[in-house]
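Listed below are the structures to be examined.
Consider the two complexes below, in which chain A is the common component and chain B and chain C are the respective partners.
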Partner chain A sequence: MGRYFVRRLLQMIPVFFGTTFLIYALMFALPGNPIDTLSRGKPRNPAYLQYIIDQFNLNDPFIVQYFKYIGGIFTGNFGKTFNNVSVIDIFMQRIPVTLQLAATAFVIELVLGIALGIWTALRKGGPFDHLSLLATLLLIATPIFVLGYVVQWLFGVKLGWLPPAGIQAGWPTSYILPGFVLASASFAFVLRLTRQSLLEVFGSDYVRAARAKGLPAWTILRKYSLRNSLIPIVTFLGADFAALMGGAVITEGIFNIPGIGQQLYQSIRLHESVVVVGLVTVLIVAYLIMNLLVDLLYGVLDPRIRYE
Partner chain B sequence: MSRAVRKTAGAEGWTGPLLSVEDLNVQFKTRDGLVRAVNGVSFELNAGETIAILGESGSGKSVTAQAVMGILDMPPASIPKGSIRLKGRELVGLSEKDYREIRGTQIAMIFQDALSSLNPVISVGEQIAEMYRLHDGLSRSDAKTAAIDVMQRVRIPAAAQRFGDYPHQFSGGMRQRIMIAMMISQRPQLLIADEPTTALDVTVQAQVMELLAELQRDSDMGLILITHDLGVVADVAQRITVMYAGRTMEQGTVDEIYDQPANPYTIGLLESIPKLAETVERLPAIRGLPPNLLQVPPGCPFHPRCPLAQDVCRRDPRPPLETVSEGHVSSCWFAKEVHARGGLRV
Partner chain C sequence: MLRTRRGLALVGAAAVAALGLSACASSSTPGGDTTSSAPAGGGGTFSIAIEEPQNLTPSNCYDLYCFNVLNQMIIGIYDFETQDDGSIKPVPTDLTKAVSTSDNGKTWTIEINPDWTFTNGEKITAKTFVDTWNFAAYGPNGQQLGFVFGPSQLDVVGYDDVSDAKSPKAKTMSGLKVVNDTTLSMELNKPLGESLFANFLAGPQILPMPSTALTVSGSEDFSKQPIGNGPYKMDTPWTPNQSITLVKNPDYKGSTPGNADQIDFRVYNDDNAAWADLQAGNLDILGVSGLPQQALATAEQVLGDRYVNTAGALQFGYYAFPQQTDTFKNKDVRIAIRKAINYQDIVDKLLYGTATVAQSFAPSTIPGGGTDICGDSCVFDAAKAKQLLEQGGGVPGNKVQIASIQGADNSVRKAVCNQIQQNLGVACTLKMFPDFGAMLDAYAKLGAGDTGFILALGWGADNPTINNMIAPLFGTGAPSNYIGYSNKQFDELVARGNAEQDPQAQINDWLEAEKVLYGDFVAFATTFPNTNYGYSEHVSNVKINPQGFVNLAEIQVNGS
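And then the complex of A and B:
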């Protein structure tokens, strides 16, 4: 177990170099260049442009730029934007916002998705089951920008229950509407996944044996049915949390949430390689850690899974 | 409620049979139609007695057992007719809450495949201990002690050390012992064993059957053995019910049925047991397959496979249960003739 953990951590090193290199290369390959983007076609002070070129090593060959950047990271220097803002400061500002949004969406998926999944499985074939099938299909099929604007208009503007945009009201008030919108498709998926895996387990021999033991229905549901149907749900939720961490360009855009998604969008347009590569690297590390946690959780959930 | 009080409640002074099943009918609603899985099956069981219900797959023997346990999913299953009485108390139509208090405590059931019938993600010790906690209200540590105790009773080596192990860490025979420990933990008066040895090696089969017989001797428990294996039955059961297509084909004592079977179906089953003393090219088997329960043939359900079938067998009504000797009945138009021939080979 300990060795498995260490090996998994070591595997992150090549992944780190691979992804940073790839993202850096992609940024370099984007059409246009930072100077043109900054100038926006207007003449600029050549001294200023020269300063930018020197500051960001823009005249160096790509590979040299990359190694200068990596070298900087290992000395704790993540670089600066063209506006002379430290990338670290941007992280500190953006990541908490995205974390709050991701956590809100995640809790909605987890709690509502699993609870309603259990309910529909228990009432299979009933009116609520049919209604939920329809509703989840609708949620999965609706593009997020449609749902986002509808929810924003209805609850934020028309009814005025919650702030329609921004994060001035703080957590949780400002994050409920965008959280719901961001969670919608995954929530529907978790609901159906829970229902499906529960129904499979309901027909199993050990659930029948548990009934023969005279156990109360609640005990059977909790200890026998749910425990055995958690693996697919945990797998999905783990991957989804990591994805949520990456921010949500569209949802953040609609609700004007200054999170990672918006920053990434902006920085890609401005060719700010240092910001994009830095953010993506942090996200990839978060993703790897989530994957590792999910894998470790398997061992807890199912004793038949052992790590050598 | 203390254990002693509950175990005897409602049973004081009862002198009749432990279990009596009368004219039991079970049917399932399926998309393709109504499946009549059990049709008018009756049998009785006394305390300390072992009876066997014998039949091929689809004969309705497991459904009968599950009906007695009250673990059929209703719907799609239903019991349109019949009665199941435990010490005189009617179980058909009992509320789920009342039934739950009987299951696991007064009647218990062992299943064919112990690996799939044990919860794979919970330790075997916990699966046994929860019986003591939920039914007897024992504390966690007392329940653990009691569970280790019952594990030792079914002779699981190093029971205390293996308490925390999971089902997949045990051999097939040990898993079945764990299942047995779990189900006898409440000292049930009735134990139903549904093909308890089918999934096991022959040597292990004998050990498990021996264990069941021993536990039964110690506790005066009634045992219903459900099997398709006549070899298993001979040593342990006193009486046999042979089922086919959800109907009783023959019923009688083990000796009667082995020595003087009165039904061609039973003879077919007996002939398909391999015998050590004989060398045969090919083991005789009953030709054909059991009928699809959606389309049971008219008349005697066995007639398409029966070597004795005549016109009368193909017409309704099906043959009634005819008494061929004291306590020995057979559903066959030729029951008396078959019985009189006194033995194998039709």
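And then the complex of A and C:
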């Protein structure tokens, strides 16, 4: 178990180099150049351009730029944006915001998804089951920006229950609407997945036997069915949490949440390689850690799974 | 950020000038009026939506947003004031005692009032200005606005010696001298008319900075929490991408102290979110760069008389034809394309009346603007357009392409394309580029045999002069002359106008230059956006001028 854990952690090192290199190369290959984009078509002071070129090694060949960047990282210098904000500062500001948003969405999809999934599985074929099928299909089919604007308008502007944008009101008030929108598609998946997975377990021999022995329905659910049906759900949720962090570009845009997604979008447009590489690397590490946690959770959920 | 007002233009406005602190701004009593207090009903807090400012160092402030902030914090030599007829004019600030020229615009003497200090206690003297400007112009400091001291604008003697990015010959401009504690002199290579000189001295680049800010790292620290002499100050560093909070400066010496106790600038990356916040009452003012296009349809209905829509923002969209290819070689063809576009229709239906069709490059809110220079060539006439196209030999492949940028709002360009297709019977498509830089690269690489595409560009003026509407875009070798236009007659007329001391003669020269430009018809202005904005019931006396500068100090918070 311990060796397995260490091996998994060590695996992250080549992944780190691989991704930084790939993302850096992709940023480098983007058409257009940062200088033109940065100055937004206004007269450019040649001295300013030279300053930016020197600061960001823009005249160096790609491979030199990349190693200067990696060298910087090992001396604790993660680089800065063209506006002179250090990437570390951006991390410190944006990662907590994104984490709060992702956590809100995660809790919504986890609690609502699993709870409603259990309910629909228990009441299979009932009116609520049919209604939830319709509702989840609708949620999955609705593009996130449509849902985002509708929810913002209805609950934020029209009814005025929650702030329509920004994070001034703090957690959780400001994060409920965007959290719900961000969670919507995954919530529907979790619901369907829980229902399906539970129904499968309900049909298995040991559950039938437990039922035949006259165990209460609640005990069957808690001790025999739910735990066994959780494996596919945990797999999905683990991957999803990492995706929630990086994939909130649209939601963060609609609700003006200053998180990672928004910064990535901006930085890609401005060709700020160091910011993009830094943030994507953080996201990838988050993804790897979530994957590791999921794998470890398998062992907890199903003692038959062992790691060497 | 590349999107501007109502999606008209590709280029963001980097307007560089001050808002009308108006009314008392022209008084120049020595020392200012220290006893004036806020009018009755002052106090309170209000919020205003902005986009992320690039930088809050004056000499690096190249967008509307940072200047709206800085303008409340730092007082310089000139400020823009909105006149009764709605036009904008630079006037001396409270800090300025007198500005005069001894030899018809070549040498200028600027006198300032004594006893002004920064909020850190440092005294503001003539040396403060000279040092700040030398810092801005010094090449290795890499300041974005250093160029205003160079040949394209002020052209101070000795600029060339300091502007080199690597190894400048000198550290200071020889044309800039401290005469005594309160007087400085500026010598220019070319004479400038008084009004143009004043316009050049009304942007952020001339705002004074304390000595601690005058190194590269000092200026970076300054940008996190600027120190000034204005009606408002920043008590704690601002939070990038979230908010900037200004509070009243109790030590302010000028005659126009702010009304509200506190101003919250809120950063929005999507102006639709700001629009939702405004409707829900969570935001007080929206529209520094116009209301979002989605809001235009319902703004009047939602906001009533708190929605303002007035003609003549200092911006325009323009189309330019490539000259290095043969595609649009014939002038009749170029005019045919303009005549095939019914801009009034687009303004009415797509922009909800929030723009004015352009007949020149200068909107009605600037001196000499709003003149009909283009005449019949810019009047929509489908039949005539078709006839002109045939007369000019058509376009190769019967195809026209208009450059567009992915992710920008291309609805207007699409409508234009449809009209060209319909009215001229040629195929019209949008040629997509990932960003502005890529578009210009492709344009610059066009050779004689290539199929040319029309550039659809926008311009946000730095100051309210016809000069700034045409010279940076069409002067030979000018910094934003992307189309490579060069016409000696045009250059001469612009230069003659620049040096003219009589304002009317100056305007006439520039109008002549515009006529030359339209005579060649390699580019035409499309529309001038309106200035439109909205505000909440929480505030009153909100005014945003055609440059996008908000009268923040004058805004009244209701019920406080």
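The rule is short, and it goes like this: the second predicted complex is superposed on the first by the 305 of 308 C-alpha atoms of A that agree within 3 Å, B and C clash if a C-alpha of one lies under 4 Å from a C-alpha of the other, contacts with A are read in each partner's own complex, and residues count from 1 in each chain.
FYI, a residue touches a chain if its C-beta (ideal position, glycine included) is under 8 Å from a C-beta of that chain, and two chains touch if they have at least 3 such contacts.
What you see is a predicted model; the values in this text were computed from it and never measured.
In the superposition on chain A, A:A209 makes contact with chain B only, not with chain C.
When both complexes are overlaid on chain A, the residue A:Q196 reaches neither chain B nor chain C.
Comparing chain B with chain C, more residues of chain A are touched by C. In the superposition on chain A, contact of A:T235 is made with neither chain B nor chain C.
With both structures placed on the common chain, the touch criterion links A:Q50 to chain C but leaves chain B unconnected. The touching residues of chain A, when paired with chain C in their complex, are 30-37, 39-52, 55, 82-85, 89-90, 93-94, 149, 152-153, 156-157, 160, 163-168, 253-256, 258, 262-263, 266, 269. Considering their complex, residues 69, 71, 96, 100-105, 108-109, 111, 113, 116-123, 130-131, 134-135, 166, 168, 179, 182-183 of chain B touch chain A. Residues 1-2, 10-12, 14, 52, 54-55, 62-63, 138-147, 150, 152, 163-166, 220, 223, 239-242, 266-270, 272-274, 276-277, 279-282, 407, 433-441, 457, 472, 478-480, 482 of chain C are the ones touching chain A in the complex. The residues of chain A lying in touch with chain B in their complex are 204-206, 208-217, 219, 223-224, 227-228, 301-304.
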